[in-house]
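Shared between the two complexes below is chain A, which has chain B as its partner in the first and chain C in the second.
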Partner chain A sequence: MFPELNAILNTSPDNFKQGELILVSDRRADASFLVHHFLSFYLKAGCKVCFLGLAQSFSHYSAVSQRLGVSLTQAKEKGQLIFLEVLNESLDVLLQKTSNTKSQALDFLRDPAVGLRGLYDFVRASVSDSGVGGEDDGGVGTVGRWGPPVLLVDDLTVLLSLGVSVGSVLDFSHYCFVTVCSQLKGNMVTLVRCEGEEDEDEDGDEEGSERLLKGLTHQCCLTLHVQGLPTGFCRDIHGQVEVCWRKTQKDKPSNQRKLFQYKVHDKGASFFARGTSSAVL
Partner chain B sequence: MLLELIQGTEGGGLIIIQDSIHYSGRTLLMSFIKAALKRDEVVHLLAFELHEEELKHELGHSCLQRLKFHNAFHDPLGWNENPPFTVHQFITSELDSLLTSNQHSKPVTLVIDSFSFILRHLSPSAVCKTLQQLKKGGAVKTTLGLLHSDMHHRNMMGSICHLATSVLTVAPGHQCHEAVAKTIRRAKSGKISQAVERFSISDDMTVKVQSKPVPVGSGQGEAGDAEVDPTANLTFNLRLSDQERQAKEKLALPFVFSKEKKSALLRPVPGSGRILYEPDANDDYDQEDPDDDLDI
Partner chain C sequence: MGMVPDSLGVRWHSLPCQSILLIHRHAWAQCLNPRPSPISTYGLIIPLSGGWRPGGGGLAVGTVLLIEEDRYNSYSQMVLKYFMAEGVLCGHELFLASAQDHPDDILTELPAPILDDIASHSPMEGRMQLGGPHASQDAMKIAWRYQNLPKVQTALASSSRFGHYYDVSKKMEPEIRQAANCHAFYLPEHSTESSAPHSPLLESYSALLSWGISYRRDSDGGFKGTAAHPFSLAPLAAKSRNVLRIGLPSLGSPLWGDDLCCRDNPAHGHALTTFLYGLRAVLRSSLSVAVLTIPSHLIQNRAVMGNITRLCDNAIALESFKGSDRETNPLYKDYHGLLHVRQVPRLNCLLTELPDHKDLAFKLKRKQFTIERLHLPPDLSETVSRVSRGELAGAAATGTSCGSSGNKHLDF
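After this line comes the complex of A and B, so read on.
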């Protein structure tokens, strides 16, 4: 996890708000470093994490998390982490080799029109206290051992490119929010990736990812939007992050926004106010 | 106009609050609910996007007790067992039984959060039909709903808003806690009135309008004062006296093809050259004037 980002968001593994939906998005940039941050953050906080890995393999996340000081393999063995490696499982599903809970979760791969109810059932089973999610579950002994559940999705745009409709993804997100955030007081972090320019007046033929982004923005509490620098490429500053708090404690829409620039290193990322990069000062 | 709508002096109808990702209209919706509860009306809330905990934060416990809350948040599509209320129950027959379950003589306000959720799952024509039947049925005096304008096609929004007696579009204001509301109200006589107002919502959900409503289309908004005269305060004279203005208007511009010029060109001037043409053997001399059909 990135200590500077924790300071910006005013959280720490010992003290974070529960029941939140955090939306991470990017436009022509790569926000996946934030997903690694949240994964290591919640594992260090002792939460039970359900990770839907649609974009990369388990070994990729494991390698990056190792550099951030967290072992995903150990977490999986202890039962703290339930990892759905969609890339690996998808081949079995498409070839109809085995039929287990994970393949039922991915039945949308064969027929996208079916929707994501199967995937939601998998998530619900993984995060609930009875915890019968898949082979890696620790069993009865792990009930109540971990903190509030957390769902991480990397990333939702892959579902759109697999043929699932925007409405189905929004419904899936709604149900996950109800179960994870509202009922179990856990948190949810999703990544949505957009291409193309943001066009305020676009109508009707909007790309699915734009509509998905807007729909999730209405639902969420906190958004982190990653973009390249408006002035172009820079070796020392990799882009900018706009942090927007949509709801304050009293649930009034304050829409407080802050803009930071960031640089990704080998073992983390640093965040700084605009124009205060160490390369510039 | 915004305060009149909140106070309910307009006599009900369908009120739609249009918001966007830049400013959420939910707090304004809560203000409407609180005002209706203060007037001792029966308020039913169909909450698809709002859960009870959040509502408790916004409205307070006492208001929540008096509100008829229908939980459509937990299972709107019936994926789990025993859903309290699903989106497919948004039809006249189900709504009638829901609204008339407690017999009251007080006026009923139906609040929907949000129309966007319903429109994602039901066709706009079905939703419009239900709303129209609700209006005509008499069970509901006021229907109030939230609609996310950036989630739908303009045509779909237009068809829902066409049914509405009032449409409020909210957007963030220039100041931190302020917002701007553009209200379009359709009176029973058919007259349409519009207003743009800046407002803020306090902690107890009361709405304060910051400035007087400016009717849209009156020409001068808040920004423009009297038009500045560009010919004033100059070191040279740009103004025309009456004589000068008359002389200017009389002047014929050189390249304008006026009537006098045309007749002058067409009249043969004596002393001008004549063209003598003797056709050759190979020429095809046609006596007809090729420009005969021109009508200058």
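After this line comes the complex of A and C, so read on.
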């Protein structure tokens, strides 16, 4: 996890808000470093993490997390991390002609029109095992072992590329939000990647990831939007992050925005106010 | 380590690598990477320096390089041929799939390697521009702040030879070519069994992905036995592990049955992206590298191009000057086109190696495909006012007519 980002978000592994949907998005940039941050953050916080790894293989996440001080392999063995490595199992499913009961979570690969019901069932089964909030199943010894459940999705745009409709993805994220955040008081972090300018006129037919972004932005509590610098390419400053808090308190909805610039290092990322990069000062 | 030498004559700035090839006059040495390591599920980590980038060399095993074709598909095909030719000389396995030209025809057109040790261009030449011992004699008196800045180098200086050089005007000799183990997939000759009924994959793409599952080869060399993917070399435990180079020219073109390039709202909008996802799945779990070219100038929907780029690891776009007004632009007179780096890979780490310079131009010479930094030359004209060549040409044409807008001199 990145200490500077924790300071910006005013959280720490010992003290963080529950029941939040955090939306990480990017526009012509790569916000996947933030996903690694949240993964290591919640693992260090002792939460039960369900990670849907759609974009990369397990060893990629494992290698990066190692640098951030967390071992995914150990977390998996302990049962703290449930990792769905879609890449690994996708090939067989993609070329399948009939549904296989074993891999219903990946049914959307075989037939995108089916939607993400199977994937949602997988998520619900993973997070419900945590034994949190008195939902332990007959006292099998897993009561309260881990903290609140967390769902991480990297990333939702891959689902759109595979032919799943925007409506299905929005339904999926809504169901997961209700289950994970509202019922189980856990957190959810998703990544959505966009291309193109924000205010582009798409002739009335808005592009999938833009609609997805708008739908999720409406629902979430915190957004982190990563973009390139408006002035162009710079080696020392990799881009800017706009952090936006929504609904800080239930009775007083307020939108607070802050803009930071960042630079990604080998073992983390540094965030600083605009114009205060060490390369410039 | 774990690097595949890149297409050759490409003068990238490169780091010394274990797979430097020894070239002898009458023979060529096969050199396999000592320990090729795929990125993903084998759990081996490729060091950061193994990644492909303009400042480095080679393509990391397990990644996909996307080349957005230039308008007439000449330079992108050239880069693909370099890639395959390098595979022949390295002794790697090759797999070439094409819907237009027969793969065997493409392979006969591979450039001939230059097997002399003396390169046509000394790799150390770039370094000499830094001006070592002479610098102290030219100490700047007025502009002393600029003393320590490096002189402008157009060449992305390479410190050592990396890979082979090729002569584009000659074809590779059949003996050299046939020594390589090459598998061809020519779409018209392939009976496409129908894919899963609701799958977004087109029949052509699913045939390509499932090619190895149904493929059997009885002759020596090849993928015998188990129903492994052709790209997975795990069953070949007896042989030394080898890298498979996959070449996919003009993917997404209408010849594959894809209407992505034909319509604004294609019916098969997700066929290519689903295929690329499957390709990534295959590459991450095997010792393969893929280079594919896509006619992106035909794709109208930019969002689709964004999705395609994100599903590949490396992405570059070639923009050739042929047929455009840039061909006669004096700024670009030394080059054949521009090279845009669209994406660099993040391999097992947070950081990517960002290129130093984003303005790159390429030129294809007979023995080299050079990529250089594009920069404006210093204006060394003697006139005080900087007159561009265009204005000079305009002034000459208008002659001595007064009152014309091109006339800079005021006459009283």
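Keep this in mind: the second predicted complex is superposed on the first by the 253 of 281 C-alpha atoms of A that agree within 3 Å, B and C clash if a C-alpha of one lies under 4 Å from a C-alpha of the other, contacts with A are read in each partner's own complex, and residues count from 1 in each chain.
The rule is short, and it goes like this: a contact is a pair of C-beta atoms (placed from the backbone, for glycine too) under 8 Å apart; a residue touches a chain by one contact, two chains touch by 3 or more.
Worth saying up front: this structure is predicted, and the values here are computed from it rather than measured.
In the three-chain model built by superposing on chain A, chain B fits alongside chain C with no clash.
The superposed model places chain B and chain C at 100 degrees from each other around the C-alpha centre of chain A, with the value given to the nearest 10.
Of the two partner chains placed around the shared chain by superposition, chain B is the only one that A:Tyr120 touches, whereas chain C remains out of contact. Of the two partner chains placed by the overlay, only chain B lies in contact with A:Arg246; chain C stays clear of it. In the superposed pair of complexes, A:Pro230 makes contact with neither chain B nor chain C.
Shared-chain residue A:Thr217: touches chain B; no touch with chain C. Of the two partner chains placed by superposition, A:Gly275 touches none, neither chain B nor chain C.
No C-alpha atom of chain B lies closer than 17 Å to any C-alpha atom of chain C in the overlay. Across the superposed pair, chain B and chain C touch chain A at no common residue. Here chain C touches chain A in the complex through residues 39-43, 45, 48, 195-201, 206, 209-210, 213, 229, 265, 269-270, 273-274, 277-278, 280-282, 284-285, 302-303, 305-307, 310-311, 346-352, 354, 356, 358, going by the rule given at the top.
Chain A contributes residues 19, 117, 120, 167, 170-171, 174-175, 178, 182-183, 203-204, 211, 214-215, 217-219, 246, 250-255 to its touches with chain B in the complex. Those residues of chain B that touch chain A in the complex are listed here as 21-24, 26-27, 49, 51, 53-54, 57-58, 73-77, 79, 116, 120-121, 148, 150-151, 153-155, 172, 176, 201, 203.
In the complex of the two chains, the chain A residues touching chain C come out as 28, 30, 32-33, 36, 56-60, 62-64, 67, 87-88, 90-91, 94-97, 109-114, 157-158, 160-163, 193-196, 205, 207-209, 233, 235, 238, 264-269.
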